[in-house]
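Below you'll find a set of structures to go through.
Each of the next two complexes has chain A plus one more chain, namely chain B in the first and chain C in the second.
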Partner chain A sequence: MAAVLGISGGYHDAAAALVVDGAIVAAIQEERLSRHKNDPRLPFRAAAACLAHGGIPAAALDRVVFYEQPFDKLERVLVSSLAVFPASLRQFPRAMGSQVGDKLWVLDELAERLGVARDKVTTVAHHRAHAASALFPSPYERAAVLTVDGVGEAVSTSLWRGEGTALTPIGQLEYPHSLGLLYAGLTAYLGFEVNEGEYKVMGLAAYGTPRFRDEFARLLRVEPDGWFALDASYFGRLADAELGFGPKLEQLLGPRRPPYQPWDLEGSERDRRYADIAATLQQVTEEVMLALAREAQRRTGADALCLAGGVALNAVANARLLRESGFAHVFVQPAAGDAGGALGAALLGALELGDPRPAPLASAALGLAIDPSAAHALATELGFVVTRADDIAGDTAELIARGQIVAFCAGRFEWGPRALGQRSILADARDPDSRERLNRAIKRREPFRPFAPAVLAADAAQYFVAAPNAMTPFMTTTCPIRDEHAGALAAVRHVDGSARVQTVTAAAAPALHAVLGAFAERTGVPIVLNTSFNGAGEPIIASEVDALAFFLGHPIDALVVEDLLITRAPR
Partner chain B sequence: MKLTSRLRTIGQLFRHFARQGKWFMIPLLVVLLVTGLLLLATGGLSYVAPFVYSIF
Partner chain C sequence: MRPLLRLVTPLVWRVPGHGARKLFEFARAEQGSRLDLLLAARLTTSTTRRAAYLRHAADETRHAQMFARRSTELRTAAGSGSYGPPIADTEDLFERLGELRFLAFVHRGEARGRAQFELYAKHFAARGDERTAALFGAILVDEQRHESYTRALLVELAGSEAAARRELRRATAWAAWRQWRRAGRALAGLVFTVAMSGVYCLAAPPTTLVAYLTGRRAERGRRRRWLQAPPAER
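Now for the complex of A and B:
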């Protein structure tokens, strides 16, 4: 019986996760508490919050497990820098400064700042942490595990056989051959921010035609079994940390798109061409993932596939894997990217100390609770009207049915990048005007980025093809909207006819479940639009202070904090 | 910063490279470590580029 803290950080999406006696007690991304989007810094706030939630003093931890092996990472950076010398000349001092001035000492820093004995701080390999985060919280005793990201220490892609508490490696691919780096390089080429804009590329892809397959065949040579080779010469030998791609890519695909320019997919030939490039990238990504998944099934004979790594956050590719890979089940936990490495590291530490596997992950609400008393006091002080509702679900549903936009806070906040009904903004999914107002006044997203629906799990199949499935509770896949409902669900329907649907059960998100039930009673439709409770470029809201600050600055109609309905005083 | 734990980490680092038979990299490591210690001592490294998180 042990208390184990898992830590990821140093690159992007730092996080901490606490596992006690084999059970997942808390898992928190640093960005939620630091309010710095994709915060890469070591997650001391998140670690302290996990420990406080679990009532475990740091000194009582049996182990702290970091999600990566710093020496292996340093070795890969050194070897790869020397291999592409002199292309790496300009980047070398910076890369080495980052490694030797900072990352090399990460275990010492963790021990010192957490107040834990140094010999209790250990590491696991990056992709093993990913694989553990995918398999152990899944409902499957036996599964194939596929991890795909930019790069860990040296590995970018790995296959595992998962059985009970055992993870056996059965194949891997090393840097620079990386699907994640291909996607990241093209994300930068298309003018988006790396490690953040990949979702935008995925949304943009649906507007294009994949007509650049010949050009992409030069970037990536794919074998029939899914293993592939990236031609790093198109990406500046991956030696330019400013850009992420090289001049050769622009010779192949044309000039890069300048960042921060508004998109015009109807009027601009140039933007349609970029959409076609995004569509080709998405298609190539899906096909490589499919081939890898089929190889995983051939090698393991399993009927379930668990995925992790940044590429596993590609919900469109995940849908295609479920549809076409031959696996009966596909599972992607909500924080499949680097943040999830903290959970995988903690679970591996707990298993090594003799604890059992955790129960299958039923809910992503693994963060901190919100304090309605503090919200009440602060809202009153700010001059808002605060009402304690007898039937908050009914009141919320009533507002949404009347076309209002409601920010909704209930329980502990979510683990991972998706708002799943704990810190969400809700609106009427049938109403394109609500969507327009939401986008124009609050989210300010590019026009090609869709909003997502949340639906009662029991009714999901009536509206969506292939829902519910193991991914839909966590919004890590997409499902086609059934033709007969396509018109009615216009506000959450992407241009390709799909939606990144969340199926909601009372166990996973009880408050949102109640709202959906009340909305269905009023309208006959058990679906609302659910988008994350944050502004453009901000992390999702965590506390009551964040929520009220947002309410002050954005034109949403009402804020719900547990059973409090907070509205603006009439003028 | 605790000097003993840093020295222990340096020892582990050299053992890591020696175990892998990569002795030829040790002179480079020594230079890098001196640089790294200087960076630590001066509180340098205030800026890293965005893509550095993907590659390094």
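Now for the complex of A and C:
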């Protein structure tokens, strides 16, 4: 029986995860505590928080496992830089400075700053960590595992056979042939920030027509067995890590979209063209993922597929995999990106030390709890009106039904980029005005980005096609809204008729489940709009201090912290 | 410092494109300050100070938005695009300095900011740029309040005026030391870049030639097939 801490970090989205005696005790992204979106720094705050939550001193850890092998990474960076001589002249000193000056010594730094003996700090390969994070928390004993991201050490895509506690690699593709880099390069081309704007591209795609297939055929060659080759000459990443694409891409697809300009999909021909490029990218991504999944099934014969890596956060592609890949089940855990590598690393360490595989992940609430008494004191000091409610679910549902927007905090915060009822902003899914107000005053999202619904799992099939399934509790897929409810769910319906639905059970998110039940009693509809409790460009709220800071600066109607209802004093 | 600022202000703001960039830098500074204040609010043991830091952080958010908006307006008027949202790093000042010196550091920054913004407000008013003058004028009001509350909290926490002044001197010394270290890091970075560029120019051509000769064969072998993971990864 062992206590193992998994760590990911150094590039983007750092995280720590604690596994004790085979059970997942805590998993936290550094950004939640540092308040720095996608914080790449080694997650010492998150590690300390995991250990504090588990009541385990660092010295008592049996192992600390880092999610990547630094020397392999250095080799790939070195070789790929030299391979494009002299184009990488500007990039080389920067890359070497980062690798040699910092990342190569990560294991020593972890040992020193955590206070753990150096021989207890080990590494696993990046994609193995991803694969472990996908398989071991899944409900499946036997599954095919597919990991797809930008790049780990050298691997960008890998197939695994998963059986019990064994993960056997059955094939891999290496950098620069990477679906993640294709998506990232096009994300930058479309004027969005890489590692942040990919969701926006996915939302934008539904507004376009995939009419650039011929051009994309030059970027990516795909074979029926899922093997693909990226033409790296279109992507400046080899020589310029900041841009992500090269001049050749602009020659092929036209000039890039300047960043930070407002979108006008109705009036601007130029923006509609960019939407068409996004649609083509999304279609190509889905088709490659489908080919990879079919190959994984052919090679493993499994009827369940577990996915991880940044590309596995493409909820639209995941829906298509469930529909068309031939797998009966598809599972994507909530932090499928690099943060999830921490969980995979910890689970691999625990299994190696003889611990059992964890129970299937029932809830994403793996973070820190919120403190209602501290919230009470601070809210009072800030001059807000604080009421302790006897029926907080009923009161919340009542406010939402009256068209109000409620920030909602209950229990431990979520693992991964989705708010799943622990740190959410809730509104009426039937009311487009609520959605407009939410977007205008608080979220300030691009007009093409949809909001998501949360629905009682028991009623999900009545409103959504293919729900519930293994992904819907974690909002890692989309489902079409049934035609008869399309009009009623206008605030959460994307232009393609789908929604990134969360199905809610009492076990996974008890407080949100109670709100949905109370909302259904009042309105007959067991669905609310559920969006993340954060402002534009900020990480999701973690503590009561973050929640009240947000409430102070944003025109939310009410803030719920466990059983406290916090409102503004009447003027 | 102030006479120098008064002297250079008219010159620096007249450099084409500089105004929008400088306003955006202010936006980032406000955003960074906001992050430090949020972390301070989380870590302080006093509910009263926590509330004060949160109010201050809310002001900094507003200031960052105001500066960024004006920067975008100027850029748009000049035919350029926005610099985007003001993203900043936190320096974890509260954790590094402790609450007393953190407060001294924040107070010092607010006092400097207030003095700077007073000058800028006058400068833009004299130039007839009422919008930018009004921006600095509006933020000045908050800066004065921040300067005043941080001073009061500093004296309260330090125990006396004399102890507060001592902390302010230490914060000034720490800031100078930080500047010195930053300059050292920048210089070291420059030396490293030059050295690495040299290594690159020496090592890359022969390596590229070898890679070209052997890599083409390897690439031919790699075509059209999945790779097997090395034994170490199994």
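Just so we're on the same page, the second predicted complex is superposed on the first by the 570 of 571 C-alpha atoms of A that agree within 3 Å, B and C clash if a C-alpha of one lies under 4 Å from a C-alpha of the other, contacts with A are read in each partner's own complex, and residues count from 1 in each chain.
Throughout what follows, contacts are C-beta pairs under 8 Å (C-beta built on N, C-alpha and C of every residue); 3 or more make two chains touch, one makes a residue touch a chain.
None of the values given here were measured: they were computed from a predicted structure.
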item	value
Touching partner for A:Pro259 - first (chain B), second (chain C), both, neither	second
Touching partner for A:Asp391 - first (chain B), second (chain C), both, neither	neither
Chain B versus chain C as contact partner of A:His36, first or second or both or neither	second
First, second, both or neither for A:Leu548, with chain B first and chain C second	second
Touched partner set for A:Asp225, first chain B, second chain C, both or neither	second
Touched partner set for A:Glu250, first chain B, second chain C, both or neither	neither
Partner chain(s) touched by A:Gln172 [first = chain B, second = chain C, both, neither]	second
Which superposed partner A:Glu521 touches (first chain B, second chain C, both, neither)	neither
Which superposed partner A:Gly97 touches (first chain B, second chain C, both, neither)	both
Touching both chain C and chain B, counted on chain A across the two superposed complexes	79, 94, 96-97, 101
In the complex with chain B, residue positions of chain A that touch it	11-12, 40, 71-72, 74-75, 77-79, 94-102, 104-105, 107-108, 111-112, 118, 150-151, 180-181, 184, 188, 193-195, 238, 240-244
Touching residues on chain C, where the partner in the complex is chain A	35, 38-39, 41-42, 47-48, 50-51, 54-55, 57-58, 61-62, 72, 81-85, 87, 89-90, 189, 192-193, 195-197, 199-201, 203-205, 207-208, 211, 215, 224-229, 232-234
Contacting residues of chain A [partner chain C, same complex]	34-37, 79, 81-83, 85-86, 88-89, 92-94, 96-97, 101, 125, 127-128, 155, 158-159, 168-169, 171-174, 223, 225, 227, 258-261, 374, 377-378, 381-382, 536-537, 543, 545-546, 548-549, 552-553
In the complex with chain A, residue positions of chain B that touch it	1-2, 5-6, 8-9, 12-13, 16-17, 20, 22, 25, 28-29, 32-33, 35-36, 39-40, 44-45, 48-56
